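All chains are identified by letter, namely A, B, C and D, in their written order; residue positions are counted from 1 within each chain.
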Amino acid sequence: MIPIAGQRIRKGLDMIGIGVIGYGYWGPNLVRNFATTPDARVVAVCDLDRQRRDLAALRHPGIETTDNPRTLLENRAVDAVAIATPVASHFELALQALKAGRHVLVEKPLTQSSEQGRRLIEAAERAGKTLMVDHTFIYTGAVRKIRELIEGGEIGEVLYYDSTRVNLGLFQSDVSVLWDLAVHDLAIMDYLMPEEPRAVSATAIAHVHGQPENTAYLTVFYSGNRIAHVNVNWLAPVKLRQTLIGGDKKMIVYDDLEPSEKIKIYDKGIELNGDLEAQRNIFINYRTGEMRAPTFDRAEALAVEAKHFVECVQTGKTPLTDGRAGLRVVRILEAAAGSIAAHGQMVEL
Amino acid sequence: MIPIAGQRIRKGLDMIGIGVIGYGYWGPNLVRNFATTPDARVVAVCDLDRQRRDLAALRHPGIETTDNPRTLLENRAVDAVAIATPVASHFELALQALKAGRHVLVEKPLTQSSEQGRRLIEAAERAGKTLMVDHTFIYTGAVRKIRELIEGGEIGEVLYYDSTRVNLGLFQSDVSVLWDLAVHDLAIMDYLMPEEPRAVSATAIAHVHGQPENTAYLTVFYSGNRIAHVNVNWLAPVKLRQTLIGGDKKMIVYDDLEPSEKIKIYDKGIELNGDLEAQRNIFINYRTGEMRAPTFDRAEALAVEAKHFVECVQTGKTPLTDGRAGLRVVRILEAAAGSIAAHGQMVEL
Amino acid sequence: MIPIAGQRIRKGLDMIGIGVIGYGYWGPNLVRNFATTPDARVVAVCDLDRQRRDLAALRHPGIETTDNPRTLLENRAVDAVAIATPVASHFELALQALKAGRHVLVEKPLTQSSEQGRRLIEAAERAGKTLMVDHTFIYTGAVRKIRELIEGGEIGEVLYYDSTRVNLGLFQSDVSVLWDLAVHDLAIMDYLMPEEPRAVSATAIAHVHGQPENTAYLTVFYSGNRIAHVNVNWLAPVKLRQTLIGGDKKMIVYDDLEPSEKIKIYDKGIELNGDLEAQRNIFINYRTGEMRAPTFDRAEALAVEAKHFVECVQTGKTPLTDGRAGLRVVRILEAAAGSIAAHGQMVEL
Amino acid sequence: MIPIAGQRIRKGLDMIGIGVIGYGYWGPNLVRNFATTPDARVVAVCDLDRQRRDLAALRHPGIETTDNPRTLLENRAVDAVAIATPVASHFELALQALKAGRHVLVEKPLTQSSEQGRRLIEAAERAGKTLMVDHTFIYTGAVRKIRELIEGGEIGEVLYYDSTRVNLGLFQSDVSVLWDLAVHDLAIMDYLMPEEPRAVSATAIAHVHGQPENTAYLTVFYSGNRIAHVNVNWLAPVKLRQTLIGGDKKMIVYDDLEPSEKIKIYDKGIELNGDLEAQRNIFINYRTGEMRAPTFDRAEALAVEAKHFVECVQTGKTPLTDGRAGLRVVRILEAAAGSIAAHGQMVEL
């Protein structure tokens, strides 16, 4: 399971030195994965909390720790920075890192606003450095398999994407459930859907007075007869990660909590026959064929993602989830927040 | 299973003669259940289709069949009429029946518009007859148990109702999925929620050009911090009947497709501690206790409902799902249709 | 759902008159299905219990009812007899019917002993009449599909059949859980397995003193490296109908309680490589491919079976589940009972 | 999640130095858990494979590594030895360790034979050292909760234990599925059942010629009307960890693969009424009440177990899973192997 080779701490010519800012919930996963990524070496970890720094030091002997991002950025062994701090600090830290000539991987969502996102993209271009957003699900074997199924034509035209992503989750005080959970679906949709959405209508509620919304419902409109819907909730009794993707040939159920069959492809749908002008249900036939659960790559998403980031840094190629992908998602989140404030009124993108 | 006594065809003083209009999908269930309801006797069945009439006659020897509702209404043995025809005909048939001095049970939704609903309620009052709408789920043991749990205080304040009701269903050409599937949830909400909603925001799509919407998403707003959401879809690969009901003490998962444990009560939630003014997540504690699946009455809903209708007819008492309940649901459907046309803009009720 | 044509009560030249003996739990299903079988007509029903006879008469006007099997057998309109009485009476009733020149369909298990089974087979041959046993599962689309998968070679060599068939069931006072539940699996195995078993080892327990065993475990040995195991229990908290069928190419999970995907075919298994003489696990490779859930005929098993019985009666062809199939199953039950008495000692067949 | 304090590498007066022999599949879990156990410190790791030793050294800087168990036993900092090697070597290694005056924790099963088990117990007594067997499941919150439910009387008299433990597993060439998987159930039964079993009947098959049995079925007999059954299989398409425990008051379903509700308690059963001498099913009533899923301690079993081992070593108290528990399980395995050889014939214990 654990590739031994990747754990040898050496730093050759092309070896990328990684600095991780933020060692809270997600940071340790970044450190652990970069530690076993070929051509990468975790050089430094920054966290404001002393206990977290001690823990990083204990787990990864030889890593430099600091409570000051500036110190980390001044470290010449740091070629690239992974930022896993609260959303509010993403923009400033990423901007500083890019200005300091470092490649940057930012935790999702990229920034708090599309304006910030655009400025980061510009900064990265000016610096000629890689800017990548950590849309983790894009690097899972399951989501990549679904894209393959869509691109290969097996599903046909995608008619809808419908996701329920709820659990009794960590209420966050700085961002709403929209920016915490819905961002996953928007990132997946950005990767899977063959076009960009054109508008969004959203509603939400904050059950705890003064706190951000903990329940939100988004409808995302595309051109033609395509739609997406996302239901996110931090106050649910059970954990659900249930996604239906309806195509005009086949339909997919994607359940990330299923231990083995995460993707099920149903050879089901309707067929329109006869005189469509007549528009009577007699012309709609129901098709119910077999279901199959394909195999897919089961590598840890973050390992795949870390490798991809290092490769982009080394070769200069554009990441799958580059700054623009991050910006596209932030724009929808921003529009959704506007729609929520307007009680569901559609906001164009 | 089948109470023999109820099947004896006799008609005493208090015996209610039932006429059923519409012997398509739902009508046979009405006939079958009224046939075994104490104090009721199915006298006549009306259907336009000869094959359906023949089938009714074969299954229930002794029942009069006709293709003309007027004939059925002129039958003096018919004291009450159950209407199971397409929605578009509900209003006219019910109005005729009430004017002819018959008690009326109408399939859901009550009418096509709230204006029609109001007129039926007036007609029933004028005629001094019972008007009841067939909100079947209200008569299931599961939904009645959930109301009991809410009223008994075990759940605490209801914070949200969230339902996913999807399947590869019969595309209907006269009504949208809203009037076909969402009506079930609106009827359940009308029964369970301690107050009437104040507004609705809805979005939808018709994947088949020229046909009614087959996918719809409703957010229903209540006063205070209460919300409801309904996701209905005729074009889903799997059948889901999944309802989450979040209370501030406990939370319910209600899954009508579960063969045994349809209701699960989770002793889960959050607790707010400390200085709420500070509004930091450090004051939100997560509580995770046991789950329990209570028992409930497993009698067939329609049998319970038929008995209730006959009792209301006999005693003059107001049905649990009277015309006003039907009207309240139609008003939300109407508002939702308006919101869909306005791309999600909230419509006040 | 209900084919109207089949319900027309007429009796042409080739029309087979059916008499049903026993109108308890299963008899009504037989009557209901023969009533809609082409070329069949239910003529008479016999039950000792007056209430049951009244119910049959109420449901099926025109059927003759009697409390005396002899009366039913003397009815010249009765061409064939379906026996759905307690097991202890199967042999006598079937024998009388055959001697009276009637075709016979007997509820499972065929008889209480293999001796009785052999005598019935002889009697049927002597009379030149059809003798069929109601091994219902053989007529389900699911089991027929599994046989197709095995015969088509997709599964490869069948290595094992492993079934868990438990629930909180009706404790029977005349037969043990072996003769009530395990009989289903033995009938399915008789149909699916490419050879007859050669021995059985079984254990069981009666938790209620003086009552038959309510829990039993059977291991059935075949030649070569093939085995079967059946776990049956009337005292289980949940209902399970879980069957694993392992082949050397693929493996099947068959769950009769699954509403849609009853059969799942797993492209999983082991592959033996290298020097098999070395016999070290390094030579066993694990293969994990996709899973698929095929479609299958969803017609009601008993309808298919009734049609097959009538066809065999008309044409003289040998039923799929003839007396010999019934006998083969009874022989295993008998041997299993012997093994139980000997605390698991293997009994050769 | 990870207690930081426990990771500080220090060794005070009562600090127990742990040496781990075998760093293959299970050894790393032992090292990881002892590393965070209060009052314990992992001093040395022994493995024949150089790559495994390198990995241990990389992960746990400061640990001594060796390919020779003798070297590890000569290390004076080693107070206690945890043995996670193939079963065939358990006896020799544990005996050497005890003779060298070390406390011993042995991977399950304790030994290859009851004779060996007895000799280890004697050796431990002679040396005055702790001998414990790693029956991991006994230290899970779920199994401890079930014991609590049984001891508290909620379940009533335990009538049966029925476990299905199958998957497409690692075919082992040194031990059969009995010694690999069934041992878990026998250990759980040893902990839960109120008495020792008195006999066993078992059957099994080796689908790969020359390899140990990969499929086995055990029936374990207790006095009175109590029974247990274990179905283990390395060649199954799906992973099942399904245990039914029937009591005369309530029944438990324990499924270790359920992410949240691992234990479900069903208020179901039968009640015997009336004249039991009459022995007719009319006197058996079925009771179906609510189901509840209790909460339980979710701490990692091996962490609890490591702490318990250290405590026993420090205080001299008898481990929950001492050598005698290990021996009791080995005796049943031995008897089961005998019964398998005799094709199911019951072997007394």
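Some notes on this structure:
Methods note: a residue touches a chain if its C-beta (ideal position, glycine included) is under 8 Å from a C-beta of that chain, and two chains touch if they have at least 3 such contacts.
Everything numeric here is computed off the predicted structure, so don't read it as measured data.
In this structure chain C contacts its sequence twin chain D using mostly the same residue numbers, the overlap exceeding half.
For the interfaces A-D and A-B, the C-beta contact count is higher for A-B. The pair B-D is the one among C-D, B-C or B-D whose contacts match those of A-C for more than half of the residue pairs.
Chain geometry summary: the mean Cα position of chain A and that of chain B are 40 Å apart. Counting partner chains per residue, chain B shows two or more touched chains at residues 238, 260, 288. Looking at the complex, you find that chain D touches chain A at residues 2, 4, 7, 51, 54-55, 58, 61, 238-239, 257, 259-260. Listed in rising order, the residues of chain A touching chain B in the complex are 159-160, 162, 164, 166, 168, 170-173, 199, 201, 203, 205-211, 215, 217, 219, 221, 225-227, 229, 231, 233, 235-238, 244, 246, 248, 251-253, 264, 266, 268-270, 272, 276, 279-281, 284, 286, 288, 339, 343-346.
Across the complex, chain D is touched by residues 260-261, 288-295 of chain B.
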